[in-house]
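Reading through the structure tokens given below for one structure.
Read from first to last, the chains carry the letters A, B, C and D; within each, the first residue is number 1.
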Amino acid sequence: MNMNVSRRHVLRGLSLLIGVAALPRQLFARATGAFQAKEVDQVMQQLFGDLPVTLSDQVILKIPSIAENGAVVPVTVSSDVAGVEAIYIVIDANPNPLSATFELGATSPADVSTRVKMGQSSMVRGLVKTSDGVLMAQQEVKVTIGGCGG
Amino acid sequence: MRLLRLYQTGPLAARVSGRCGMTAVVLMLVGGLLLSLNAPDSQAESPSAEAVLAQAISVYDAAKARGHAWVMTRDGLAKAQGLLDAGDAPAALVVAQQALETAEASLRQADIEAKSWQARVPK
Amino acid sequence: MLNRLMIMSLLLAAASLRADPPSDLKAFRAFFEQRFANIEIDDHRDGAYALDAAKREQWLSMEDFPPYEIAIEAGEALFAESFADGSGYVDCFENGGMGVKQTFPRFDVGANTVQTLELAINECRKAHGEAPLDYASETMGALTAYMAYTSRGETFAITVPPEGLAAYNEGKAFFYARRGQLNFSCAGCHVASAGGMLRAEILSASVGHATHWPTYRLKWEQVGSLHKRFNECNEQVGAEGLPEQSASYRNLEYFLSYMNNGMTLNGPASRK
Amino acid sequence: MAVKPVKMRGKLAEGVAEIKALMPHPMETGTRRTEAGELIPAHFIQEVMCEHNGALVLRAEWGTSVSKNPYFAFKVAEAKAGDEVVIRWLDNLGETSEGRLTLK
């Protein structure tokens, strides 16, 4: 794994050259380890240390309650709260719960969408990190096998 | 004397209900009843695996020609052939016998459906 | 009393005699209009997504930037490639192959068989000295996705000439006959139980089943043909699936497409 | 496998650009097997860099659970017609590709 970690530093070095003032420096190259974690609490520990994580309705997690297909589950995480630095998507029951991290520039609106894979029914979490803590929304998503054993 | 054998619907129904809803299981039981008890009561010692397999293949082909081949028969024939190739004739006979029975059931399905499909067309 | 019985039997006999394609279509559409009184027939071209709001919303978020878009682009490039002899697909189809998918499948009187778009593509290639494509290949999927895209908004215009009646009726018999170890028929789930549930699945109506092919199924993670779907569904009810473009499946597509006559094409589409 | 460009679409409204992207990529987790049973090696996009007129405005890191042909949508503030938005991805095998969009 270290081969591509060093490449990441090279790329980051490059991006530093092309004026990356928009992104706070200390957010870089921190999440790699969390992607290997197998348990949700390990992920949380790696990402946030002992920062408190509080459930909040200021974080909007848009994801279907029954997934049409576990291979392609549309998910959106957004928040209007001020000072959002990063957004995270965590899928508890996946082999590696941390699915994606999004580090935002100072002016970037906190609203990201993608499509994720879910091996089985699971709790899905959308987390938003601000300068004064971590807010979270969560929802149980069911993944069903096709009708006729499909 | 060949044992009278009622087609075991037990394992079949269990596998099916795992795959489909209750309606499927009920239908299956109805399907199971289609398999009339036709154990040929020939007095000769039990036929060889090769003979039963050959018969099963011919019935399977007849049903396939009418578009009514079953996955279970196809897989049973392959399994029986594999067991034969591996020299396990007794096991091959059991599997070939099952494949013959499902092949015969699929042929009966073809006969029944040839007459009954018209009734389902919306008028 | 006697003559009323006589009249009844005559009427019944007449009704069953008049089972020709147009009257089949009328009865087929009437069934679904009655079964889904608040849904326009044409809306069924979105399948189960016309029957359930939550599923539809999730589907629409997929259609936002649909996964089949990559296939359409690839298909456009493939369609433009010329054959070794300098000609191309444009020379095989009327209107250069643009906006023609709604006229397929057709009955090829000369070859006395049902000609689907996939068959016509391979016939075109063979006529120009090119090797035919594997029907299940991504190349065939991309080509038909592009041609379907150019037919979006057109309405199905399937015709059954007298010579094609036998093929139409074989497709019809296949559609209504029970098959496989589960003893299910296409009609059992998609006509009689249309709108009902099978485990976690909503059974979509057959009216609208032919309008949106080829289709990117999330399960396949690629664009696939209607025949691939026929094969998969047959296998799931324990019936041995047939190869793509086999005669039975072409006849079934012929009947099913005729039952979707007048509906708007909306292929390629994405499904679960 | 030829690396394909990122397909992008943008909608500009009151200074905020809604960017949508589709990145053709197999996104193999490394746990899938071929029909013959061989393990398909991991091949997935690890990093996505989004720039607005040259300035990095969003940097994403992805694990193996992002779907095949990833879809990614985000917003860019203080945007106006003529601005350029670039999306560049890097995968675990060192392949990279990008997409450029001029806002209208």
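We adopt the following convention: a residue touches a chain if its C-beta (ideal position, glycine included) is under 8 Å from a C-beta of that chain, and two chains touch if they have at least 3 such contacts.
Here the structure is a predicted model, which means the values were calculated and not measured.
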Which chain's mean C-alpha position is the greatest distance from subunit A's? B
Any chance you could check whether C-D or B-C wins on number of contacting C-beta pairs? B-C
Between subunit C and subunit D, the Cα-mean centres are separated in Å by 35
For subunit B paired with subunit C, centre-to-centre distance based on mean C-alpha positions, whole Å: 31
With chain centres defined as C-alpha means, what is the inter-centre distance between subunit A and subunit B in Å? 52
Between subunit A and subunit C, tell me the centre distance in angstrom, where each centre is the average of that chain's C-alpha atoms. 41
Where subunit A touches two or more other chains at once, by residue number: 71-72, 74, 115, 147-149
So which bits of subunit B are touching at least two other chains? 19-20, 24
Residue numbers of subunit C (touch at least two other chains): 67, 182, 198-199, 221, 236
Could you please specify the touching residues of subunit C with respect to subunit B in the complex? 15-16, 19, 24, 27-28, 30-31, 172-174, 176-185, 187-188, 191-192, 197-199, 235-236, 238-240, 242, 248
Per the touch rule above, subunit A residues touching subunit C in the complex are 64-69, 71-72, 74, 115, 144-150
Touching residues of subunit B toward subunit C in the complex: what are they? 12, 16, 19-21, 24, 27-28, 30-31, 64, 67-74, 102, 109, 112-114, 116-118, 120-123
Subunit D-touching residues of subunit C, taken from the complex the two chains share: 64-65, 67, 69-70, 221
Help me check something: in the complex, which residues belonging to subunit D touch subunit A? 16, 29, 31, 46-47, 49, 51-52, 54-68, 70-78, 90, 92-94
